[in-house]
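Alright, structures below, take your time with them.
Both of the next two complexes hold chain A, though its partner changes from chain B to chain C.
Up next, the complex of A and B:
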C-alpha cells in the first residue's frame, strides 16, 4: 500500500472537503463568540435537501443552491432563539441536531417512499473537475466544491486579519460589552455569522451527498459535523490551523479506507477517524497545558 | 450654551428609581465632577448620556440641540466618549487596533495598520498618554489600559469625555499623571465628566461639582467656593462623625501576631519577601503601606495560613495553621472571589466558617441560620432585600459590611484587613473604620493593608512600609503622607 500515490491524496481531499466547509462555518461563529455545535445537524439537512432538489430538478447545481438556501433557513432556527432571544445556544443546537436526524428520516419516507438509503440513476451528482477540463492529478475526480473549500480558507484568513469587518468581528468575539461600547452592532454580527455558517454547512452537505457520493442515506453525516466542531476547537480560531485539523481527519478517513482494502475489519476502519480526532484533542490539551505552564 | 445637558432625566429599574429628574450641565472645556455614594445614580446617569440606557423621561442636549442617544454608536456620533470603570477593551487586539476600532483607517480595502499606528502614536505624544501602539492589550498593566481607553475617545474626537471612577484602579502616582492628562485635554476645549466618590480628587481637579444622593441632585458647587465637609453633607445628608481618637498608649502585652525573618520565593526563585519581621500586639492597628506588588499579597497569605504552614509566622506564640487559620479574622480585598461566594445567599455567606457552632450534625438548621443572619444584618446595618438573596445582588458597600459581619464576629484575636474600604462610599467607609477601631478597642491585633495613605493615617497606630519585599520603614500613625510615600518608592528617609 503506497500512501504517496495521487489517489491517496485525492481520497484525503474528498474526505476533508465536507468537514472543512462545515468547520469554516463553525470557525466564523467562534470568531464572534457563538459556540455553534449544530454543524452536524445542518450538514445532514444540507445533504438531504441537495439530493431532493437535484432529484426533482435534474440539476446538481440547483441541488447545491437549494441546500445552501434551506440550511440558511435551518440555521435561523439557531440564530433567532440563541442570538435574538438569548436562549442557550448549546441547548438549541442539541435540539437542532436531533431535529435534523428525525426530520430527514421522516421527509425521506414522505418524498422517496422508503427509508434507509436513496440513490437513483436519475439523481445527478456534481461533475468532476476532470469533466470540466481541469485534468490534473488529485483534482481530476473532485467536485468543484473541493477547490472552493480550500480557497475559502485563504479568503477567510485574509479577510479576518486584514479587513475592517474582519477586525470588528474578531473584536466582537473577544469582549461583547467592549464591542457595544465602541458602537459595533454585535447582535447583527452574531445573526450574520450563524446564517453564514448555515450556508457553509449547506455547501458541506451538498458536497457530501452529491460530491463525495451521489446518494442520501439516513444519518450520513456520521459525526462529520462533530469532527468539524473539534477542528474549530483545535484551530485556535486560525483558518490555516483549521485546515490542518480537517486534513488530519481526512488523512485518517482515507487511511481507514485503505486499511479496509488491506483486510482490516470495516468497523475498525470506520472508527479510525474518530480515534485519531480524540487523540488529537488530548494531545492539543496537553500541549496547551504545557505552554500555559511555561508562560506562568 | 452648554456642551452637554441632561434635562430632568428619570430612569427606573423595576422598583428602584435610579435617577429622579436629574439636571446636569457641562460647559465646554470644564472638568465637572459627579459625586455621590454607591447607588446614588452616578453610573446610571453616565450610562444614559453614553446611550447605554435610555431614560424613561427627560432629554439630552448637545450644544443646545436635543439629541436621541439610542446606543453608544449614537453617542459617539454626537461627540461623546467614555472611559468605563471596567475597561471595554479587546485583550487579543493591539493598542492601535483597540483605539481605531469602529473608525479604522482603510487603504485598498485593507486596514492601514501603518496609518493607525502613526495616528495613535501622535495622540499619545500630544497628550502624554504613553502606550506602545503594537503591544497586545491583554498583557498591559491597568494604568496603561486606561490610557488606551482615553486614547480611543480622543481618536474618535470626543468633545465630552466621561470617566467612571477612573482612579479606583490607579496608584497615587498614576492618579496624578491622569489628572495632568485630563487638564491638558480640557485645555483643548473638551468637557470632562469625572465620576468619583473621592472628595480629595474632586477638590484637586474639578471646576464644578454635582452631588447626587438617592437618584437626586442634592448639591451643585464650584470647587473654588466649597470644601470637603460641605460636599460630604450633600452626599450623605449628614456630617461625618469625627474619627475615634487614636491612643498613644504603650502596648505592653505580648504580640498575638508575630512574623520572624520571613522570606518567600516565587516559582521563578525571585524573592517576594525578604527577612520580614513584624509583630502586632493586642489593642493596636498596624498599617501596611507599599505600592502594589511589594509583597503585601505574600505577607497576608502567610499570616492567614493561606500559603500553608509557613515557618516564621506565629499566632499567640504557636505556628500558623495551614489553609486559613481559624484564629484569624480575614477581610480580603477580592470581595467576590475570596471574601464571598457570589452565587450563594447572604445568610450562607455570613454563616460560612461558623456552621459548626450552629449544628454538630450533617444538616444545617435553616431557621437558626437565617435567624443568625438576620441578627447580623441588623447589627451591621446591611441593607439587603432579604437574607435569601445572592450576596452578589448587594452593593459593594453592603457586601463588604456582610464580610465584616462574618469575620468580626468570629472569636479571633487577630484581624487582617486588606483594602477594607476599596470601592465603598464615604458612609460605609466611616462604618468600616468604626468597626475596625472597635475591634482594636476590644483587644484585637489588627493588621491593616491599604493603598490609601489617609486611611492608614486615620486608623493605624504604626505604619510599616513594604518595598520590594522588605520592611523598609516604620512610622508612627501620624507621619506625613510625603514621608510614607517616599519610603514606598524606595527613597531612604
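Up next, the complex of A and C:
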C-alpha cells in the first residue's frame, strides 16, 4: 500500500473538505466566545437540503445555495436562544443536533418515500474540477468547494489578523466588558458569527452530499461535526492550525478507507478517525500542560 | 398550598410547557408536510398502550431509565455524558461474552454478566474523567469521541469472535438458559430488570439527596471551585460520577442482552435511540431528579408509540426525535426565562 500516491492525497483532501468548512464556522464562533457544538446537526441539515434542492431543480449549485440558506435559518435556532436569550448553548445544541437527525430522517421519508439512503440518476452532484478544465493530479476529481475551503482558511487567517473588523471581532472575544465599553456591538458579532457558521456548515453539508458523494443517507454527517469541534479546540483559534487538525482527520479517514481495502474489518476503519482525533486532543493537552508547568 | 394553586403550578411548570410547546411545533410540522394529526396522535397512543403494546412500552422503559441515570448522574457533577451508546454497547458485549464463554451456575449466571456489563460501561465512561479534570477536555466531547470506537469494537466482537457460526447474521448465539433474566409475572417481555432498575433509581435518588457523596456531587456540579475550596475532592467526585453513569449505561446494555431474544444482535442496542431519549427526559426533568422516572415514562411512551404510529398511520417514527429535540431546546429557553424573572 503506497500512501504517497496521488489518489491517497486526493482522498485526504476529499475527507478533509466538509470537516474543514464546518470547523471554520466553529472557529469563527470560538473567536467571539460562542461554544458552538451544533455543527454536527447543521452539517447534516445542510447535506439534506442540498440533496433535496438539487433533486428538485436539477442544479447542484441551486442545491448548494439552498443548503447555505436553509442552514443559516437553522443556525438562527441556536443564535436566537443562545445568544439573544442567553440560554445554555450546550443544551440548545444537543437539542438541535437531535432535531436535525429527526427532521432529516422524517422529511426524507415524506419527500423521497423511503428511509436509509437516497440516490437517483436525477440527482446532480457538483462537477469535478477536471471537467471544469483544471486537470491537475490531486484536484482533478475534487468539487470546486474543496479549493474554496482551502482559500477560506487563508482569507480567515488574513482577515482575523490584518483587518480592522477581524481585530475587533477578536477583541470582543478576548474581553467582553472592555469590548462593550469601547462601543463594539458584541451581541451583533455573536449573532453574526453563529449565522456565518450556519452558512459554512451549509457549504460543508453540500460538499458532503453533492461533492464527496452524490446521495443522502440518514445520519451521514457521522460525527464529522464533532470532529470539527475538536479541530477548533486543537486550533488555538488559528486558522492554519485548524487546517492541520482537519487534515489529520482527513488522513485518518483516508487511511481507514485503505485499511478496509487491505482486508481489515470495517469497524477498524469506522473507529480510526475518532481514535486518532482523540489521541491528538490528548497529546495537545499534555503538551500544553507541560509547557505551562515549565513556565510556572 | 391550595389545590388550584398546586394545579396551576403544575400546568405552568417548565416540563409541561416544554412538552406542550414541542407537541404544538410537531403538529405544525405534520400539517406542513401533509400528515393528519387526528390520525397520527391516536395511532401513537394506541401504539404505546393498546393491546399487547403496553407490555412492550414497559420493557423499553427499563433501558431508557437506565440510560437516564447514565446521563443524569454525571450531569449532577457538571459533566455531560453523551457517550451513552458506547457504554451501552460495551456493557452489552461484556455481558454477552461472559455468559457465552464461562459456564456459570444458576443465579450467578445472571448476576455476574450484569456486573461485568456495569463494569465495562463504567470503564468506558471513566476514561473521560482524567481527560476532563486534568487535561480540561470537556466530557461532552471526549465521551462522544470514545463512543464511536466502543460501538465499533462491540460490533466487531459480535460479528467475528462471538458470532453465531454458520448463520451469517451479525449476532451472537443464544445465551445459555441460566443467563436468561426471569420474566416478571406472566409477561413475555418484562423481566426482573424492571424492579432492578426501579430499586437502583430509588437508591440513586436517596444517595443524591441524602448522602455525603450525593451532596459532594451536587456541590461539584454547581460550583467546582467553591466545592474544592470547601474540601471536596472534586476531581475524584467527577470521576466517580462519570464512572457511575457509565456503569448504569453498561448495566442497561447487559439487561437488554440478557432479556429476550437473549443475544447481542449488532445494532439492536443503539438503534432504538435509548441514549438520546434519556438525555431529553433528564433535561426535561430540569434538575429535579425525582421527576426523572416520570419524564422517562412519558418519552418512552412517545418513542414506542411512534413505532405504532408508523405501522398504523404510515407516519415516520422519526417524528418522535423531532419532538425530543424541540423539548430540549424549549426547556433550555424556559430555564433562562425563569432565571431572569427571579432576578
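As a working rule, the second predicted complex is superposed on the first by the 296 of 296 C-alpha atoms of A that agree within 3 Å, B and C clash if a C-alpha of one lies under 4 Å from a C-alpha of the other, contacts with A are read in each partner's own complex, and residues count from 1 in each chain.
We take it that a contact is a pair of C-beta atoms (placed from the backbone, for glycine too) under 8 Å apart; a residue touches a chain by one contact, two chains touch by 3 or more.
Just so we're clear, the structure is a prediction, and the values are computed from it rather than from any experiment.
After superposition onto chain A, partners chain B and chain C are found to sit side by side with no clash. In the superposition on chain A, contact is made by A:164 with chain B only, not with chain C. In the superposition on chain A, contact is made by A:177 with chain B only, not with chain C. Contacts of A:241 after superposition: neither chain B nor chain C is touched. Taking chain A as the reference chain, the count of touched residues is higher for C when chain B and chain C are set side by side.
In the superposition on chain A, A:140 makes contact with neither chain B nor chain C. Put simply, the three-chain overlay gives an angle of 80° at chain A, taking C-alpha centres for chain B and chain C and rounding to the nearest 10.
By the touch criterion defined above, A:258 lies against neither chain B nor chain C after alignment on the C-alpha atoms of chain A.
Once chain A of one complex is fitted onto chain A of the other, the partner contacts of A:229 are limited to chain C, with no touch recorded for chain B.
Superposed on chain A, the gap between chain B and chain C at their nearest CA atoms measures out to 5 angstrom in whole units.
For chain C in complex with chain A, the residues that touch the partner chain are 29, 33-35, 80, 82, 131, 134-137, 140-142, 144-146, 148-149, 152-153, 155-156, 159-160, 276, 279-280, 283, 316, 318-329, 331-333, 335-337. Only residues 50, 52, 71-77, 82, 84, 86-93, 97, 101-102, 104, 106, 109-111, 152, 267 of chain B touch chain A when the two sit together in their complex.
For chain A in complex with chain B, the residues that touch the partner chain are 162-164, 167-168, 170-171, 174-175, 177-185, 296. If you check the complex, the residues on chain A that touch chain C are 37, 77, 81, 85-88, 90-92, 94-103, 105-107, 109-110, 115, 223, 226, 229-230, 233, 265, 267-268, 270-271, 274-275, 277-278, 281-282, 285-286, 289.
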